[in-house]
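Shared between the two complexes below is subunit A, which pairs with subunit B and subunit C, respectively.
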Partner chain A sequence: MTPSARRWAFLIAGAGLVAFYLWGLTGLPGFGDYPGPYGFILNQVAVGQTKATAVVSAINFEYRGFDTVGEEFILFVAAAGVSVVLRHLRGERDRSAMDEALGRGAAPTSDAVRMVALVFTGPTVVIGWYLATHAQTSPSGGFQGGVVLATAFILIYLSGQFLMFKRVSPVALADAAEAVGAGGFALVGLSALPLSMPYLSNVLPLGHTPGAIDSSGTIALISLFVGVEVAAAFVLIVGELLEQTLLVRQEGG
Partner chain B sequence: MHILPFVVVAWILAVGLYGVVTSRHLVHQIVCLIVVQSSTYVLLLAVGYVTGAVAPYFYDIPVHTPAVDPVVQALALTDVVVEAAVTALLLAFAIQAHKRFGTLDPQELADFKG
Partner chain C sequence: MTGVVAVTTPYSVPVPLMDALQVTVLVLVAAGATAVVLTRRPVRQVIVLSAYGLMLAILFMAFQAPDVTLSELTVGGVALPLLLLLALAKVRKKEE
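So, the complex of A and B:
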């Protein structure tokens, strides 16, 4: 299909899409008029039932915790998929950029970049850890915290070099952390079964003060496991993508 | 009835789709797909919005304060995670396509299949 034919097909299909969208829009409640009742009911009962003041976390890790297991394994499988797709193929070997550009040294990392990365690495770890461990309190949780924690590793990559990144995040350790995070979530769910309760029931003590660090039982624990899993998954994915810069296809290989 | 947020959704979806259709570079095409998916965040959050209500976090406010729908916010979180996973996989495929065929132009890549 030529580009212009494709554009015409898109415009015709797009006109149909717009028509259906406008038609659907007339059936929606207006912006700001969410009719409920589902969200309103959860807002009313979640704090009392789970002792978590963050209703979004209570939904993710409790009311629809089973969906979140699937969601977490999507990320797990994606990290595995990236590793498989980017595996060393026959005829590829590690080669540094220096071999490719003889006589042209790689530009050194500027002091400004190095300084900023150095200053931000510590606070980034603290913020990531805070987010991953306060899912029950405030707008945070394992997914957000895990991504911020992974950012700390990427800052290390920016400040130094790829080899340092490999040293602070060895693939074996990240692999293990990812497995512990994903498996931990599944096991927390299973721990309810011996007590003859449904999968992912909140079996831990809920605490007394809503939103406190020891409140909400399994919500806080699951969030922590998710944080470990997400951080490890992103470190693995970014590491795999960066490693490709060292890989080139061998001539005639 | 305010429809501006829903118009914004349609616009983000449209420019993203147009980018996917007309893209001449796989990485650009993947970014366009991210733009398409971004429209779903706006849609989800717009559907659950309640005029004058607060975020569904009751740490320092009474439980009966009117708050927006938390369910769509949880769904938006799922949306972001899936998008990150899909993007990572697609970028990996783009790297392999470049290694195998030496080009990232979708038009040229289509010619290779024959």
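So, the complex of A and C:
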């Protein structure tokens, strides 16, 4: 096919795509248009039924809790997969990974970065813990809280303390935390079965004050388990990648 | 359609102002996405991607989804750029 023929093929196909795309756009519902009834219904009944003032959390961990179990295990399997693949490589001699500029030390971490990282580590832990344990009261939840908690560990690494990063997040502990988080979620769901209720039914007392820390029963508990699982998964993945990168640096220089 | 229950949202911000904010942030996000694509050097691209993640977080805030904002802030602003930087560091060692 000559270049000019190819150009014509592209132009005709591109014009067709634009025409169909614009046609499709004209058929879209208006901006912010919401036809379904479920959102309106949940806005009315969710707080009364679950005693959680954060309706999004109530939906995630209660009304569609089974979907969230699936998402949870996607992350669990992804983290497990990364560890399996990278740990297998560690035993091998990766010849192509040799650093050829021998005797060149890694650049030291600047004082500014260390300072900022250290100052932010404490508040990050507090915010992450708050988010993971207050899913029932305000917009937050286990996923957000878990990622923020993992960020605290990354800040420790950023402050130039890789050894400290490994000490506060040993692989065995992160492995165990990830398993406890994922398994805890599944077990909370199973705990409804002996009471002859459906999987993931809210079996715990809901409390009296909507949005209080002891309200919403299993929603708060599941959120905490999700937080532990997500934090451990991110620390594991980042830890494995860091170790790979530093191993290469060590072997070479 | 079937209006099961009428919902009144108590806006504390005037609606025209909210619309203006949403349009502004949408334009910013479009510009940010273009900037990510146009950046050629991978390391620099990761930093631009991180800034783009922050813009997306502001977008979700303007569209009243604070919980999605929190997720995007941490995943798009920190976790994803960090993973990419680590992968780049590993690949670069191989190339040298």
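Just so we're on the same page, the second predicted complex is superposed on the first by the 203 of 253 C-alpha atoms of A that agree within 3 Å, B and C clash if a C-alpha of one lies under 4 Å from a C-alpha of the other, contacts with A are read in each partner's own complex, and residues count from 1 in each chain.
The rule is short, and it goes like this: contacts are C-beta pairs under 8 Å (C-beta built on N, C-alpha and C of every residue); 3 or more make two chains touch, one makes a residue touch a chain.
Predicted, not measured: the structure shown is a model, and the values here were computed from it.
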Inset, instruction - Determine, under the contact definition given at the top, whether A:Pro37 touches first (subunit B), second (subunit C), both, or neither. - result: second
Legend entry - subunit B versus subunit C as contact partner of A:Asp214, first or second or both or neither: neither
Inset, instruction - Figure out whether A:Leu242 sits in contact with subunit B (first) or subunit C (second), or with both, or with neither. - result: second
Inset, instruction - Check the residue A:Asp175 against both partner chains and state whether it touches subunit B (first), subunit C (second), both, or neither. - result: neither
Inset, instruction - Figure out whether A:Ile154 sits in contact with subunit B (first) or subunit C (second), or with both, or with neither. - result: second
Inset, instruction - Would you sort A:Val56 into first (subunit B), second (subunit C), both or neither based on which partner it touches? - result: both
Inset, instruction - Jot down the residues of subunit A that show up as touching in both complexes, subunit B in one and subunit C in the other. - result: 40, 43-44, 54, 56, 139, 141, 143, 147, 234, 237, 241, 244, 249
Legend entry - subunit A-touching residues of subunit B, taken from the complex the two chains share: 1-6, 10, 14, 17-18, 21-22, 46-51, 55-59, 63-64, 67-74, 77-78, 80-82, 84-86, 88-89, 91-93, 95-96, 99, 107
Inset, instruction - Could you please specify the touching residues of subunit C with respect to subunit A in the complex? - result: 1-5, 7, 66-67, 70-71, 74-75, 78-79, 82-83, 86-87, 89-90, 93-94, 96
Inset, instruction - In the complex, go through subunit A and note every residue touching subunit B. - result: 3, 6-7, 10, 14, 18, 21, 25, 28, 30-34, 36, 38-40, 42-44, 46-48, 53-56, 58-60, 64, 67-68, 71, 74-75, 77-79, 81-82, 85-86, 89, 137-139, 141, 143, 147, 210-211, 230, 234, 237, 240-241, 244, 249
Inset, instruction - Enumerate the contact residues on subunit A facing subunit C in the complex. - result: 35, 37, 40-41, 43-44, 54, 56-57, 96-97, 99-101, 131, 139-141, 143-144, 147-148, 150-151, 154, 234, 237-238, 241-242, 244-245, 248-249, 252
